[in-house]
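You will see chain A twice below: alongside chain B first, and alongside chain C after that.
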Partner chain A sequence: MLLKGQGQGLLRIIANNMTKKNFSSATAPALEIEPKKDVEVPTKISRINPLTHPDYFGVGKMFTVRDLMEARVHFGHKDGSLNDRMKPYLFGSRLNHTIFNLDITAEHLKRALNVTAHTALQGGLILFFCRSSINAHTVEKTAKECGEFAHTRYWRGGTFTNSKIQFKAITRLPDLCIFLNTLNNVMLQHTAVRDAAKMNIPSIGIVDSNCSPDLITYLVPGNDDSPASIELYCSLFKEAILRGKAKRKELLQEIENMEKEQKDS
Partner chain B sequence: MAFSRLEKIGNIYTRVTGLLRAGAMKWEDRPLFYDIYTAFPPIKENVYMEEAPKIKVREIFYAEDQERATRDYTNMLAFDMNEKKPKRFDRQKFIDKQHISTTKAQQTEDIGSKEKLFDVQNLDLKKD
Partner chain C sequence: MISIIHKTVQSNILRKSLLNSYAVNRAFCKNIENSNVEEKSEEDKKISGFAKAFEKFSKPHIEEEISKEPDLPFATLFKNSKFVELGDPEGKIVVGKIFHVVEDDLYIDFGWKFHCVCTRPAKNGQAYVRGTRVKLRIKDLELSSRFLGSAKDLTLLEADCHILGILSSPAIPKTKTPTL
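This part shows the complex of A and B:
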């Protein structure tokens, strides 16, 4: 179902050499990929496994809480449409309008951006979703600019689950789904959220106060309706993906040079 | 290659870990997200249809809301339609000045009477 992309094998070699695969025992896998704190990125990037660095791509410095506030990320919907499972992410409600806690949002957004950048580094295919007609064009443009994919139209049922028959060939499914809007245009959860969970594809979702946080791997609580906030998210995800891809290019170049040196010596 | 489609039973990570442990999936064939998820798991693990936590959503109110609710603003300008540039509303200026004077009073602990706090005559609304 998932075809391996070119170069993914090379990065896996590096990762495999540094992680222990220990499934012989019945206990949980002992994978030594715990990120260490206060690790500087060395000049020769192939020396460390990027996953051990807490913030390899400097994602934490890409935005501030003030940026989120100015993009109106803290505005949720009204109290009546509040999904009970979104309560922990709220700061409170101001005259029945729910307000998100931007410190919590910032933390979640950093995690989501980090995951996006690492996925891009490993050569993953990223698919953006946005079913809001005002913001659909922004999302499509973003996807184009970072060389990834977007699906902002009607979602046909079996696109993930029945891809072999609908596309009439074995299809490479995305390695990450980013939902700028988890609801579809009839205010129900987007089918692709459930389908991505079915097909073992991690999903990042901007979850508003009226949305369900079910089945989304990395959620980012925040406003998903204002064009200002969608533009901010799009620019951040685009930046993360471009950084990941740039590092990938560097890394592959280094590996090539190392192999050349080995051949010469 | 085996994959589990049971999205309600566990999240993607637990399902793939199960397959790897059981030997249904080889380590070399693991999906792309597996290492990334191990290193950077979500801040809160995703559990399908988990019970909502019993938290009360706090209502956001400020000290000046008491003033906003009780004071009579009939003679105070809310919005000047003639102005081209949006100027600070007289009502908001009043609240800001009052807020400043109350916080100052609280700092000096010289609150005195309520009339002193809300001393309307001495406030200069045109000053900005």
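This part shows the complex of A and C:
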């Protein structure tokens, strides 16, 4: 993607990204908008490149550390089930109960929400995972409300890696996997964590003190057992996705209007 | 002759690829020097002395203003939290709320990471419905222990508590005083 001029170049990047699809056999042609040289670039087009903005969707203001505490995000399991690789994310351990450092968690959560919103902006397919039976319905409802997908049941081994044969057609795999719970119902790491890494799909995961943070791209250290925490995460991810989608709709409308103006002129 | 042409072609390709990568880098990894996202704060009026005291004490005491504290670090919030106030959880008494009932099993949430599951007591059994507030004594906050041969603990994802009595129940009309 070459940046030719500032105004129309930035929009072309966005337009190119929006029409790009992963893993589909028919690739849609990228939108190429070349306004005539003597026509002025209309000032109403947003000149900010979403990728260079530090917080384009304002995800940093969506929650506070106090909100996380009230949702019980700082509670971890006991010391005996601690995964050594989770030690950097802990505030400490009080009477054998591990406590997460929510200042660190807040940073990670902001990053994860930013990635989610940008993925939604580019028209990415997002898949939620949660193998905790108490919270499965919350996650499925969240996915439905933001127009994305959820998988909270038994995961067949080859769903990502052997998709062409299992679905009997070339399948579009998700562009982002969000794990509300990285463990499955037998306390082993969810197969999809490893498989997403194999298929180069970025993953966001809520890692508790007994989970392994190794294979997850954007991890969020925190509690994954309480319904209150899961509800908070779901609401935040849903808000991020909806903001991304709204922005996408706005930008596509702007491009459409620009095209119409050029056709008229 | 051919080798010279090859070299120029190569250098052209190299230059183009560098330009492309530079453009890509500019798009993705640009350092933002002037990111003016924050709004400018309004200039505070400076009142001092009697005027300040008069304003402070003549205003009604609003609780919302107290809660609008600046974002405190987690360490401070945690130090003042109920969990730390609890101390050693074993034997402590807490208030829980029943959120699910399966015949004689009551699933009670008391503000901790896990819920606890208790059997319906014989006394006042019919009053234990969803929404009942109960008094609990904590026995263990997480039922997890190391079994022989395993490197890690096995958790049941549950706390262990004992029901002491009802504080309020939707099944009991409010005129009656609850019996413990």
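A few remarks follow.
Criterion: the second predicted complex is superposed on the first by the 219 of 265 C-alpha atoms of A that agree within 3 Å, B and C clash if a C-alpha of one lies under 4 Å from a C-alpha of the other, contacts with A are read in each partner's own complex, and residues count from 1 in each chain.
We take it that a residue touches a chain if its C-beta (ideal position, glycine included) is under 8 Å from a C-beta of that chain, and two chains touch if they have at least 3 such contacts.
In this text the structure is predicted, and so the values were computed from the model without any measurement.
Of the two partner chains placed by the overlay, only chain B lies in contact with A:N114; chain C stays clear of it. Touch criterion not met for A:I170: it reaches neither chain B nor chain C.
Looking at the shared chain after the overlay, A:R66 reaches chain C, while chain B stays out of its contact range. By the document's definition of touching, of the two partners only chain C reaches A:H74; chain B does not.
Contacts of A:L51 after superposition: both chain B and chain C are touched.
When the shared chain is aligned, chain B comes close enough to touch A:I201, but chain C does not. In the superposed model, A:D84 lies in contact with chain B only, and not with chain C. Number of chain A residues touched is higher for B, counting chain B against chain C. Look at A:Y218: by the touch rule set out above, it reaches chain B but stays clear of chain C. Legend: residue contacts after superposition of the two complexes on their common chain; A:L188 is shown touching neither chain B nor chain C.
Put simply, chain A uses residues 1-2, 51-52, 91, 94, 99 to touch chain B in one complex and chain C in the other. Contact residues on chain A toward chain C in their complex (touch as defined above): 1-3, 13, 49, 51-55, 64-66, 69, 72, 74-78, 80-81, 91, 94-95, 97, 99, 101-103, 187, 210, 223, 225-226.
If you check the complex, the residues on chain B that touch chain A are 1, 3-7, 11-12, 15-17, 20-21, 23, 27-28, 31-33, 35-40, 42-43, 46, 48-50, 52-53, 55, 57-60.
Chain C contributes residues 19-20, 23-24, 26-28, 30, 32, 35, 37, 71-75, 77-78, 81, 83-84, 88-89, 111-114, 141-142, 144-146, 152-155, 157 to its touches with chain A in the complex. By the touch rule above, chain A contacts chain B in their complex via residues 1-2, 8, 12, 15-16, 19, 21, 23, 26, 28-29, 31, 33-35, 51-52, 79, 82, 84-85, 87-88, 90-94, 98-99, 107-108, 111, 114-115, 118-119, 122, 124, 161, 175-176, 194, 197-202, 213-219.
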